[in-house]
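The structure under discussion is supplied below as structure tokens; questions concerning it will follow.
Order of writing sets the labels: A, B, C and D. Residues in every chain begin at 1.
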Amino acid sequence: MKLQRFKEIALDGTVRQNPTLRLVLGTCPTLALTTAAMDCLGMGAAVIFVLVFSNLIISLLRNVIPDKVRIPCFIVIIATFVTVVSMFIEAFLPSLYESLGMYLALIVVNCIILGRAESFASHNPVLDSVCDGLFMGIGFTLSITLMGIVREVLGKGTLFGATLWNFKIEFFAKPAGAFLTYALFIAIFNVCYNAVERKLKHKAGEQKHKAEVAAENTAAKEA
Amino acid sequence: MDVFGIIVAALFADNFVLSQFLGICPFLGVSKKISSAAGMGLAVTAVMVITCAITYPIYTFLLAPMGLEYLSILVFILLIASLVQILEMVLKRFSPGLYSAMGIYLPLVTTNCAILGIAKIVTATVTSAEEAGYSFGEVFFGHYVKVNMALGYGEAVLSGLFYGLGFTLAIVLLAGLRQKADKLHVAKALKGFPITMLVACFMAMAFYVFTLI
Amino acid sequence: MSEKTKKPANPALIAAVKAVAVLVCICVVCVALLAVLNEVLYISDDERLARAMSKIYPDYELDTEFSADLNNTNAPDGQIKNVYRSRDGAYIIEALGKGGYQNGSVTLYVVVKSDATIFGWAVKENDKQSYIDRVPATAGKTWYVGRRVDEDLQLDMTGATVAMTSTAIYNAVKTAAWYCLNTESVKNELGLIDKVALATDVVKQLLGEEYADYKFSTANIHQNATVAADDPAEQPVKFMDLISPADYPLAYLLVGEKADSDNGIMAYVYGNEDAYEAVAVKENGTVVSTSGMEEKAELLQSITDHRVIAVKIGNQMRYAVIHSYVEDGDNVKYTVSGLKFASYPNSYILEVVVKGVDSKGTVQSVTATVSGFVSGMPSESNANVLLTQLNGATADTVLELYTSHKASGATNSSDIIAAAVLAVLNDFDAKLASGN
Amino acid sequence: MTNLILAVGREFQWTTVLVALAIAFGFSLVLGILILLINKFTQVKEDPRIKEVEKCLAGANCGACGYPGCAGFAKALVEGKANLDSCGQTPTDKRIEISNILGIEVSGNAEPTIAVVGCSGGVKCQDKYEYQGYGDCVSQNLLAGGRKACEVGCMGAGSCVDACPYHAIECREGYAHVDPELCRSCGLCIQTCPKSLIKRVPVSAKVYVACSTQCRGKDVMSKCQAGCIACGKCERNCPVGAIHLVNNVPIIDYSKCIHCYKCLEGCPRHCIKYVYPEDVPNSSETAEQAK
């Protein structure tokens, strides 16, 4: 795989197609688990694991699986990895297992995973698919952890479980606060993204223009 | 749990969307118009009832007595995916009217966490037999296995129905509010998902009151 | 079909078979992986318990040879669900406490160390205790911690704002203590003596056959009740202070009740488990018999003076202490304290003026010198309406008035007030009858 | 908890592993076969023409036809449910191709159309109330049917302006105007307008009726100075009988229209208008302004 392609996939997964903030996928764990930043990290790690391995397997089998039973096959593979990850977490990180609760099992139906399987892994080579899974997962983890930090600091006055101060706005720990935080995150991210995008385009345009002028100049000189 | 308790919890206090955060994707995605929101809600309700009706006995009589609880995610999701596909085909063939009203939303239902969520909720077990809605003991491989389900079969199916209706209630309400909210002149950054989520935020505040009862 | 026509196999059929085969293969391989992992990462029941324990009792290590004696699991205040033993001799008792909010319950893991002290407890599960969050997070490491199981445990709700749930927790801890005291093997191992049972025996001996079927229980709540001091001008004191001199403290205050009987008995037990000495007080407040109290005339006098009268309100026994009565012409002015009950911390001290009308005591006025109003009930004025309603009541009509007033919601205040007034009227009627 | 690694795991129990495998095998086999069988028995044969028709369509997926995308429209066309005229974007040669595929005649209306607004009231039409809420016509219409006294009066709040992907509509003098140069007849404005005021006319049409009220003349007089009072002058003036009053609204049959502009000139309320601004004679415009 070329470096260029790798960069492309990495940028797509983390920023340009950030699953949480740009595609608005996998909203359920985003809203439910962001009351504690630590849970977000755990959830993110679990999602990365499942994404990478399911993308790997599905990409390997992409020419074997018939179209008619595609969805059941994909879902079985994803469910297997979810079960594996939940077994590991239950065995070695019991407290995380308790706080993630049902949402661990619900990674199966996280739209990010089936979405990537359908739209990327099922018609891309293995290495690309694994990278895509990795960076999509990282994008998801980063954004929910950030949201988790904001909600935990505001709603509980703690950060990764350590008490910061006694001041807390309980609203942010409640369901309504989850929606508010998410809405503001998307809005802010989009504003920043569009601003950066515009600047980059502008820059690219200028460079192109410069290159053209240079080319013209050289052509003129040659002439 | 009594029937009235299930109804109130499912529709309001424990509302899947607004207090448990299950099924958020269709909640945000298929709520542009009231008619499509109602179709989606009905599809989810139908699949939820069928899911509860089928996964409950499979868990109680097959998986739990054999000590295969770890297979539940895989078996449930396989069942749900196949059922949805079958339901879609059957509806398309035999009831085109119903198909056009809710069938086209069925493929979206497969990856709806509300469905797997309800399957997980109704197959919850409890430790003591006294609190069990249904107890079932059997001997497998020389082990005496006792399964204490938190809900009875009737309660499980009823939960499926009313949690589905709770989902429908939330999504139809949101669709009604969105029809107005989408027309508002809001800041450009808030257009689309953010303003929808703000609307949902206010709905969640209103529904939060029910949990205080 | 293909055989008959000898045509090559139907391509659609081959595709279908292939589709099913792939699905089946994927499923079987995935499940095989999961099954192997399940065996490798299996978490046994012992391990699960150990994880629950590690949060409350770090030294826990399961004694696998121990099997719990669960023949008798129904305690008066709860139920024993399971018992585990740690290698260091500590018992982990899974006990359910009744009497919570909405008649629900709380199930605790109570850790009792080998020296019979409570190490701590953790909530395993609860039923209908929606406000269990309001029990402080540290309660499991502070409430009842360090107390002996054979001690007279008293309700602790420090820092909690939920009386009912705290009561259920109290009952669960008491149930765990009850298990230790009532199971031979555990009792012997912890070296426990059921002191309350010994005290009860002394009281039962004192009372004789007639009271054999009375059930006695400790009444720590009553002894903490506020009652009027001997000098009405002074601040109210604890009932305990009147009956428990510093050099000869009260060991137990026992309350004896029998189902379907209006009689209630209160017994004061002094001394220690080697030689209990007791005073029994019968239902009408008269000291019936004593044992070993000959040298304590002053104390005996104090007990005789502060007569505890038992009355039945509804189907509950309530107690009131009559302090003094002053005759003023036809009127007799009583000072009486209604003793608190259940977990409610307050008690009423009333001044009741009674006059004999048609050879029956009739209430002339009731005034509360100390209001035992429990905040959280409808309102103080509402609760105290009964005080004025009782004017003109006789022993026969008090209960009627009480029942109609109770509907207003001020149940607990009404209970205490009605008990005090009824006690006064019963006493007055008894005096009239005896021609005094 | 002292040794975590030893705390998990147990002796292999082959029976449960085998049962798990058997369950997986059974489930997947049954479900797989079920899906395929039901698929076979309930299969709805898809017409191969659908794909061909879809290829010919404009492929803009604008949704203006009322079907979910061009694929949905193609399906409806093949099933005979939809009219090809609902699509304003497909060029004529493709329309003919589609009609060849489907074996149907291209209807007389196959001529391209453009949109016109059936109201010219605007500031000349009275207000029922002063609207101070947010939003456009759609929002305003939710409040007692909008602020205009006329039930079918253009509110001029620009829902159609927002909807038009070609920027062909603008609001002047309190009502919407379509620029025939830019209009592609996609129909999005027609769907958007809460009063259903916008309609299509053939590109060859020169005049159109800019009022949609079905009220009697007297009622119109009291509400709007630009509304049609159903006087019937246009009907009488038309030399070829192309105009008829139906429910107090003049309807023009464009197949008969000879572009004589007699109807337009005779209208006392100026509610028959030129479709193309370039047709407007300067003299008559100045005369109108003088009035």
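One rule holds for everything that comes next: a contact is a pair of C-beta atoms (placed from the backbone, for glycine too) under 8 Å apart; a residue touches a chain by one contact, two chains touch by 3 or more.
For clarity, every value in this text was computed on a predicted model and none was experimentally measured.
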Chain at the geometric heart of the assembly (C-alpha centres): B
Where chain B and chain D are represented by their mean Cα positions, the distance between them in whole Å: 37
Chain centre separation (chain B, chain C; CA means) in Å: 42
Distance between chain centroids, defined by C-alpha means - chain A, chain D (Å): 39
Centre distance in Å when chain A and chain B are each reduced to the mean of their C-alpha atoms: 25
Contacts with 2+ other chains: residues of chain D: 8, 16, 20, 23-24, 27-28, 31-32, 35-36, 39
Residue list for chain B, restricted to those that touch at least two other chains: 70-71, 74, 78, 82, 85
Per-residue overlap in chain C, given as positions that touch at least 2 other chains: 16, 19-20, 23, 26-27, 30-31, 34, 38, 41, 43, 51
Topology of the chain contact graph, where touching chains are joined (line, ring, star, complete, other): complete
Chain A-touching residues of chain B, taken from the complex the two chains share: 18-25, 28, 70-71, 73-74, 77-78, 81-82, 85, 110-113, 115-117, 120-121, 187, 189-190, 193-198, 200-202, 204-205, 207-208
Touch list for chain D against partner chain A, complex: 4, 8, 28, 31-32, 35-36, 39
Of chain C, residues touching chain B in the complex: 27, 30-31, 34, 38, 81, 125, 127
Residues of chain A defined as touching chain D within the complex: 68-69, 72, 76, 91-92
Chain C contact footprint on chain D (complex, rising order): 1-2, 7-13, 16-17, 20-21, 23-25, 27-29, 31-33, 36
